[in-house]
Amino acid sequence: MDVIITEPSTPFPGSVHEVPGGGIVLSTLDDVINWARSNSLWPLVFGTSCCAIEMMSAASAKYDFSRFGFEVARATPRQADVIIIAGTIVNKMAPVLKRLFDQMPDPKYVIAMGACATSGGPFFYNTYSVVKGADHVIPVDVYVAGCPPRPEALLHALITLQEKIKSGLTRDQIRAQFQEDGK
Amino acid sequence: MGNEELIVKLQELFPAASIIQGNDWPEISFESGADFLSTIDVLKSDQTLAFDYLFCETCVDWKTHFTMVYHLDSTRFRHNIVLKYKLDRETPEIDSLSFVYRTSEQHEREIFDLFGIIFKGHPNLKRILLTEDWVGYPLRKDYDDPINMIKL
Amino acid sequence: MFEEIKTSNDGELVINVGPQHPATHGVLHLLITLNGETITKLEPNLGYIHRSIEKMCESLSYRQFIYSTSRMDYLSSHMNNHACAMIVEKGLQVEIPERAEVIRVLISELTRLASHQLWWGAMAMDLGALSPFFYSFREREVITDIMEETCGARLTMNYIVPGGLMADIHPNFVKRVKDFIIQFNSKIDEYDQLVTGNIIFQNRMKNVGYLSPEDAISYGTTGPVARGSGVSCDIRKLYPYSAYNKVKFEEILETGGDSFARYLVRIKEMKQSISIIEQLIDNIPEGDFQAKTKAVLKLPKGEFYQRVETARGELGVYLVSEGGTTPYRIKFRSPGFSNLSALNHMVKGHKIGDLVAIMGTLDLVIPDIDR
Amino acid sequence: MFSFQNMTQEIHSWLSSLMSETFVMLVEMTIVGILAIALFAFLGLVLVYMERKVAAVIQLRKGPNRVGPFGIFQTSADTLKLVLKEGFMPDNVDKFLYKLAPFVVMITAMLILAPIPFAKGVQIWDINIGVFYLTAISSISVIGILMAGWASNNKYSLLGAMRSGAQIVSYELSAGMAVLSIVVLTGSLNLGDIIASQEDGWWIFKGHIPAWIAFIIYIIAVTAETNRAPFDMAEAESELTGGFHTEYAGMRFALFFLAEYINIFIVCAIGAILFFGGWMPFHIGSWTAFNHVMDFIPSFMWFFGKTFFLIFLIMWFRWTFPRLRVDQLLNLEWKYLLPISIFNLLLMTLVAIKGWHF
């Protein structure tokens, strides 16, 4: 995978020995860690509005996200890995959401489910209390479109998040990759 | 009681008020300054009226004044009226109904929150939907919030 | 922004339940004062999902504002749309084709079934039984599929519009609804066996959260909550609208006033909904599904009020028109808002576990409360 | 029937020929310790996977099936992730107790493992007061839970811990009574003797109705003792979000999680030993031929089969019943289970004295 790593501003003091293909032990260990993290995403029980019902549908027997190991929904943010923002975030809720996110231990991931969490959606214009997108409050990894999105869309988002974790790239690296692809 | 009978009865009881037939139900309107609590008391305790169920309480901002709108139902006779009370825009104050109809405790908090109407005698009058430090009353017609509100 | 909460001198403990708490079904914040495990005071703190729909509607046209109401009480979005469509029709004085009226009622009752099914699963989950949720969603998915085929959406349908319906029903609709009814009739008994008859469940529900008929009226509760206390308040029966005067059904009244009575009301209401659907499904009249309306709607000056019975109780829409293309003021009298106000009265002296059970039987939908 | 005793004795004599007695003991302790920890980890993985699959079957779902064949590596991924999570310590916690609590719960679970015979001749510590040891040690774990609840500086945790304290202390009584009724029949506190006494039939069949009552009470009481639904007052997800482990994250939470499942395994193992004869095959009185056929199935399979059947029973409870309220929970114990179990113990004594059992 071609990754652009930006040059550090000060050069590394000392000599660097190039290892062809990366250290086998460390890179494999990284893969194992990412495999574990991506396959064990425990969501926080958090739904504000309509999308929460579709999230429940995704948990139900027909869609069943337990197949991927997502069914261990934790009620406390301390034990959760991924926060699925299912619904609108309003000004009064924003500090609470931030606090919930801060209470989660690293590594933590965020999925913005539905139009409201992505951009304010149907409540973008003429409202005085809606936050226009949850990414104004906390960093979002995956956005799902729809009002509300279908359960399949949520499953796709979760699988996309798994792929993101498996690739082991940071946000900036992914952005750089996309920019390169665009050129 | 039918709507026509209700209007006749109400006119007997409240000669000062203006009573008209609205789209669905009789509408009885009071000017600001009328004794509101005793009116409600009569409406609730009168044996032929028995308006014991307040199913909607809200306010309308008419730019020059506010109008409190109460929708009353009688669970015994199943007749409804709409009760309106005109409020001054500068000092909007009205008696709280929270001890007559318990449901109005929350409704009045909401109206205070969104319209800024002061309910005298309300046990816990503070903002309910918005944060405590919110400035302004959003459902008033002159409310403007250039930061949060994106006008279409 | 959170108040500094301390233990008061008399040994009482103040606890925040919510905004993120599994029992609040959303983002309700309750401040409860505990003496040991016994609740002495409860204060709801709303507004964590206050989306200012009422302000928004003031700048939306009469065709547009209906869509935002689907997101209000999303579990009975059809009934919300129905109320709004009816109030516009009342202002315009449009006659709706018979076919549209019957389909509206059919769809509304299916929505009520779906809503009650979800409530049943979620309430059992609150009480700690996790499996009923999956059983109820099994049947709910069938309804959702039927809805999807006809309305094009699973949850926020926007199918009922001023003047009639957005589109005609799907050719499969009648057959699939009939199949569903046959399937669901046997499942209701399964629900009873799994939950209603369970001794733990009955002990958790009976004599918990008592609401007397007087209090039920005074607190303005409606829907299954008031009917569980023996207060007749079914708008479908008292002030029939749409095609409800053409069907025979019973208003379910339980006199217990406790959580179990409210539970029974909903379970029996499901059976009544099935009977309404059974009466109408074979008798959908032929004809148009939409009356002719202008592209831009203008309501005459005046005030209009429309009440409908949603799955949670009475939804009132109060609309003030100044004669323009947008409403001057619109107020949604949501059932959950009034039902919630009785919560403080109901939980006093009960345990934390009971709070969860009582909230389960109130069937709160928070966006419906906050609007 | 194959006994593991020969094997262990051979290892012991081989080690004794190599080094002095002290070193032999040290080496043996290390081996046993490693085996115990390995068993722990393995049991944790298997039981969590089993719980999720049982839940899935009851709830008409598929359950984990993407990670590895049939999803068998799902729990491994979960464990690895939990180990690698940020070690988290909220502000204003009692740091010492907060760190100690998971280990108290864990070590208690490990200690109980000592006198349990896993197969014929496989027992870490053959102690003559085995039953007494089990009941004594198992009550320590509540201290860990109380510690966790107190140290977390969270009101939900505190409430959960207090509930758990009240619950475990009360339900230990009926569990103890149920265990005693089997001790009365056998006349021995040694687990090996209790198993040996079931050579001609398991106590659940030999002990008439009192044994059945004791078994039912035992299962109810241990479900409560391990904080499992419908008695999961201490966690009560829909009431107290997470109960005593609300503030625990990562590895420390994993220890609580693991200890819960190990505790289930242990109580079910004890139940299997007392009522279903532990590793003893299914024997019927003097049917020698039948008994010989049964002996062909290895003893550890009998033991694990019975234990896992009981574990399945407890999991079945969890996914079926609603949760009790905290006062109903205590009512059930003090007003119903305890009087019944005391009466049952008397009845059992009568049965034992008169020799009415088979």
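A few notes on this one:
Letters are used for the chains, namely A, B, C and D, taken in the order the chains are written, and counting of residues starts over at 1 for each.
Following the convention adopted for this analysis, contacts are C-beta pairs under 8 Å (C-beta built on N, C-alpha and C of every residue); 3 or more make two chains touch, one makes a residue touch a chain.
Values in this document were obtained by computation on a predicted structure and should not be read as measured data.
Annotation: B-C is the more contact-rich of the chain pairs B-C and A-B, by number of C-beta pairs in contact. Each chain's centre was taken as the mean of its CA atoms, and the one lying most distant from chain B is D. Computed from the mean C-alpha positions, the centre of chain B lies at a distance of 25 Å from the centre of chain C. With centres taken as mean Cα positions, chain B sits 47 Å from chain A. Between the Cα centres of chain B and chain D there is a gap of 63 Å.
The distance from the centre of chain C to the centre of chain D, each centre being the mean of the chain's C-alpha atoms, comes to 45 Å. Residues of chain B in contact with at least two other chains: 129-131, 138, 151-152.
In chain D, 59-61, 237-238, 241 are the positions where the chain touches two or more neighbouring chains simultaneously.
The residues of chain A that reach two or more other chains are 61, 75, 92, 125-130, listed in rising order.
Of all possible chain pairings, those that touch are A-B, A-C, A-D, B-C, C-D. The part of chain C that touches chain D in the complex is made up of residues 13, 15, 21-23, 37, 124-131, 133-135, 138, 195, 198, 200-201, 203-204, 351-356. Against chain A, in their complex, chain C makes its touches with residues 1, 19-22, 26-27, 47-53, 55-56, 58-60, 67-68, 71, 74-75, 118, 122, 133-134, 137-138, 140-141, 144, 154-156, 366-367. For chain D in complex with chain C, the residues that touch the partner chain are 55, 58-61, 155-156, 159, 163, 229-230, 232, 236-241, 319-328. Chain D meets chain A in the complex at residues 52, 56, 59-67, 71, 73-74, 76-78, 80-82, 84-88, 237-238, 241-242, 245-250, 253. The residues of chain C lying in touch with chain B in their complex are 1, 43-47, 50, 52, 54-55, 59, 90, 215, 217-222, 231-233, 238, 302-305, 307, 314, 316, 318, 320, 328-329, 331, 333, 337-338, 340-342, 345, 370.
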